[in-house]
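The letters A, B, C and D name the chains in turn, as written, and every chain counts its residues from 1.
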Amino acid sequence: MDSLNYSESLRSKASKIWEKIMAHPFIMEISEGKLPLEKFRFYIKQDYAYLIEFIRCLGIAIAKVGDRNAMRTLVSCLHTNMTIEVEMLERFSEKIGLPLDELRKTDMAPTNMGYTRHLLTVAYSGTVGETISAMLPCIWSYMEIALKIGDSPALKEHPIFNEWCSTYKSKEYRDLVEWYRDFIDDVAGGSSPVEREKMLQHFILSSRFEYMFWDMAYRMESWPV
Amino acid sequence: MDSLNYSESLRSKASKIWEKIMAHPFIMEISEGKLPLEKFRFYIKQDYAYLIEFIRCLGIAIAKVGDRNAMRTLVSCLHTNMTIEVEMLERFSEKIGLPLDELRKTDMAPTNMGYTRHLLTVAYSGTVGETISAMLPCIWSYMEIALKIGDSPALKEHPIFNEWCSTYKSKEYRDLVEWYRDFIDDVAGGSSPVEREKMLQHFILSSRFEYMFWDMAYRMESWPV
Amino acid sequence: MDSLNYSESLRSKASKIWEKIMAHPFIMEISEGKLPLEKFRFYIKQDYAYLIEFIRCLGIAIAKVGDRNAMRTLVSCLHTNMTIEVEMLERFSEKIGLPLDELRKTDMAPTNMGYTRHLLTVAYSGTVGETISAMLPCIWSYMEIALKIGDSPALKEHPIFNEWCSTYKSKEYRDLVEWYRDFIDDVAGGSSPVEREKMLQHFILSSRFEYMFWDMAYRMESWPV
Amino acid sequence: MDSLNYSESLRSKASKIWEKIMAHPFIMEISEGKLPLEKFRFYIKQDYAYLIEFIRCLGIAIAKVGDRNAMRTLVSCLHTNMTIEVEMLERFSEKIGLPLDELRKTDMAPTNMGYTRHLLTVAYSGTVGETISAMLPCIWSYMEIALKIGDSPALKEHPIFNEWCSTYKSKEYRDLVEWYRDFIDDVAGGSSPVEREKMLQHFILSSRFEYMFWDMAYRMESWPV
């Protein structure tokens, strides 16, 4: 394995899962501008709840990270996530007829619960390298999705889907993905096959949960009991 | 709320979920001695993987518990779980045509993953009272199930189901349930409404996951990607 | 106990320790402008190393905090600590003849090690209320020290000590102390006597460590082996 | 580095500290049978409080360990520590005129607090390999001390010191040390230089704290405030 391209090797080992993400009806119908708004609203609520838990994982990563420059960058990521992304979703929420109160008191659907509990468990029990590997599929696949469907004419004409999508193809967001990947590549360079295997397992599991998250939103999943 | 009976109050607030657990086809078909062995084997494998994670949660509870007598009891529970229950499943495994190797390398199905990540997240992030509240529905509902279906003639004639069921209605197991409930009642007596609300939320969520766990086994759930 | 003034009750129970902090030769000699610069340099290095660990604790608090507004404020505190305070110490370092490289690779002295391990252990094992209680004596006592000695003529004439002291009597810093105290008062309002007792114990222990930290700097403490 | 002998390499890098431990007056005076009983009593109380925290670290190691056989062994260690060693100290306590109540409510002295907070912080924030490396100096150096001074005639004639010492040169205890060392050697075999460097740092720091622990007992250390 060439450690300089470790993130690329993770990506390639999950490629079948990622292909299915890209082909999921939820993504397809966004690119065609015809996803029912009700499903999109469901998604935004779950994504907001997810993001709060994602921020918790960054908090733990900050607590555990050894290198001080990496700590500084993680603090920036955390601050950006909290002030930019959370606030973006809050502003966005109003536009799609979702009152802020309703957004904030969303209960997590089962798949979201499983996914975020997975991330938190890795953050608490694993190394920072493991944590960032588990967080990477979310960060990275959103950029890939946005780059893939972002130029679709039907999407560009849809004021809501287009605005949502533009966040994830922005320069700022792509820099964030770059930083996460560089971090993982650095960690992998100094890690053993045992740790890299764990990082891979977390990356694969989070990729599976990414697929299931879109599916959850498409089905507007609820608790069976 | 009468704090002496806090565990009973948890139980009553989850009663609708527990009724559905008791009525689930997986349980019904065990009591009728007609559950396909393939489904039972799937269940045993998942339960084994679950138990390992359950033991991890006890480890964290031992790390966090303040009272030394409670610490001593938690160490006993941990030891019992590890030497008695894990070994029982390992012996049992052979009887149902499940090689030990296969049992040990089981991958968790999605629902099992979500449930155990929930337990571990509570254990790492919460108090001991929260942790034991999250663990209680598993411990307790197994006893209720065993007491409910344990005398069914069809079950008693089924050598495998009967042996499995007898574990959970044994004196030793009932004492374990008693200890967990007493522990929770004690904690609740010294806790605030805020902490008790968290304990309730964990208890409800674990009860939901208990239902979903049986359903996962009945459907022999696999990962969609 | 009046929960609105819980932080004040913590303060009063630690008052004997705080009096000894205020009277410690390290503080006295700063106010008189005659502390040997070598001791001050030692202190700045240890404080820098301490601050990094303090930030880790905030990371864990963010991971555990339930209320989203509190989460938002903790993220601000973390960001402020990282960008303002760390950078302030880095700029300050040069002025007192301490190269940035030397500042950054400081090894913790025994007392600093014990104190920061205490804070991290509370952060990992306890509730957010416990964590903030353990962190409060540092935050708060620095303000009290600055307000007590800040107008001393000898200090005001000392360019270095005066600049150092002015940070901790600034409006911004006093607002930070206020926020921490309000947070603790809120938590205490919804907590049980058991949790408040733990919070008190952490507050007392951190107050003891605060005294010992100044003493460590005065003695320029090193490892015996 | 030969990973089969990693524990030996840790030992050799800490050899100067270990020599000072062996030569400490506390150890010397035990071997000569002339340590004041008051100092020994102080030590037993602190060691008892230490052991409780040591057990907590084992709990976290059980939560994090990947390999199931290692998990099983850690559960045995935990159980042994709790039932054998804690109970041994409790029985021993009476013999040296230390009522059980007093033993159990011991407050930790500053050095003990720092040492145990260090162990817990490593356990919560690090890998299992790091945790066991931090715990190893205590386990291992006690055996070395016992083997070094165990045959001293003056010690053998002293009923209390001799009984205390015999625990740590018993076959059972030496097997425990062997298990810890094998565990570390295994982990080191599959770990990167980065992780091994962390393990070394923890081992060195715990070795320092071992020295300071004996010195704390000899000085009957108390809190300065």
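Methods note: contacts are C-beta pairs under 8 Å (C-beta built on N, C-alpha and C of every residue); 3 or more make two chains touch, one makes a residue touch a chain.
Being a predicted model, the structure only gives us computed values, none of them experimental.
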A-C or A-D, whichever has more C-beta pairs in contact: A-C
Furthest chain, CA centroid comparison against chain D: A
Interface sides of chain C and chain D: same vs different residues, half threshold: same
Separation of mean Cα positions, chain C and chain A [Å, integer]: 36
Geometric centre distance via CA averages, chain D-chain C, whole Å: 32
Separation of mean Cα positions, chain D and chain A [Å, integer]: 44
Sequence positions of chain A contacting 2 or more other chains: 63-64, 120, 125
Chain B residues touching chain D - in the complex, by the definition given at the top: 52, 55-64, 68, 71-72, 75, 78-79, 82-83, 104, 120, 123
Of all residues in chain D, those that touch chain C in their complex: 16-17, 20, 110-111, 113-114, 117-118, 120-121, 124-125, 205, 207-208, 211-212, 215, 223-225
Residue numbers on chain A that touch chain D, as the complex places them: 63-64, 66, 125, 127, 190-195, 198
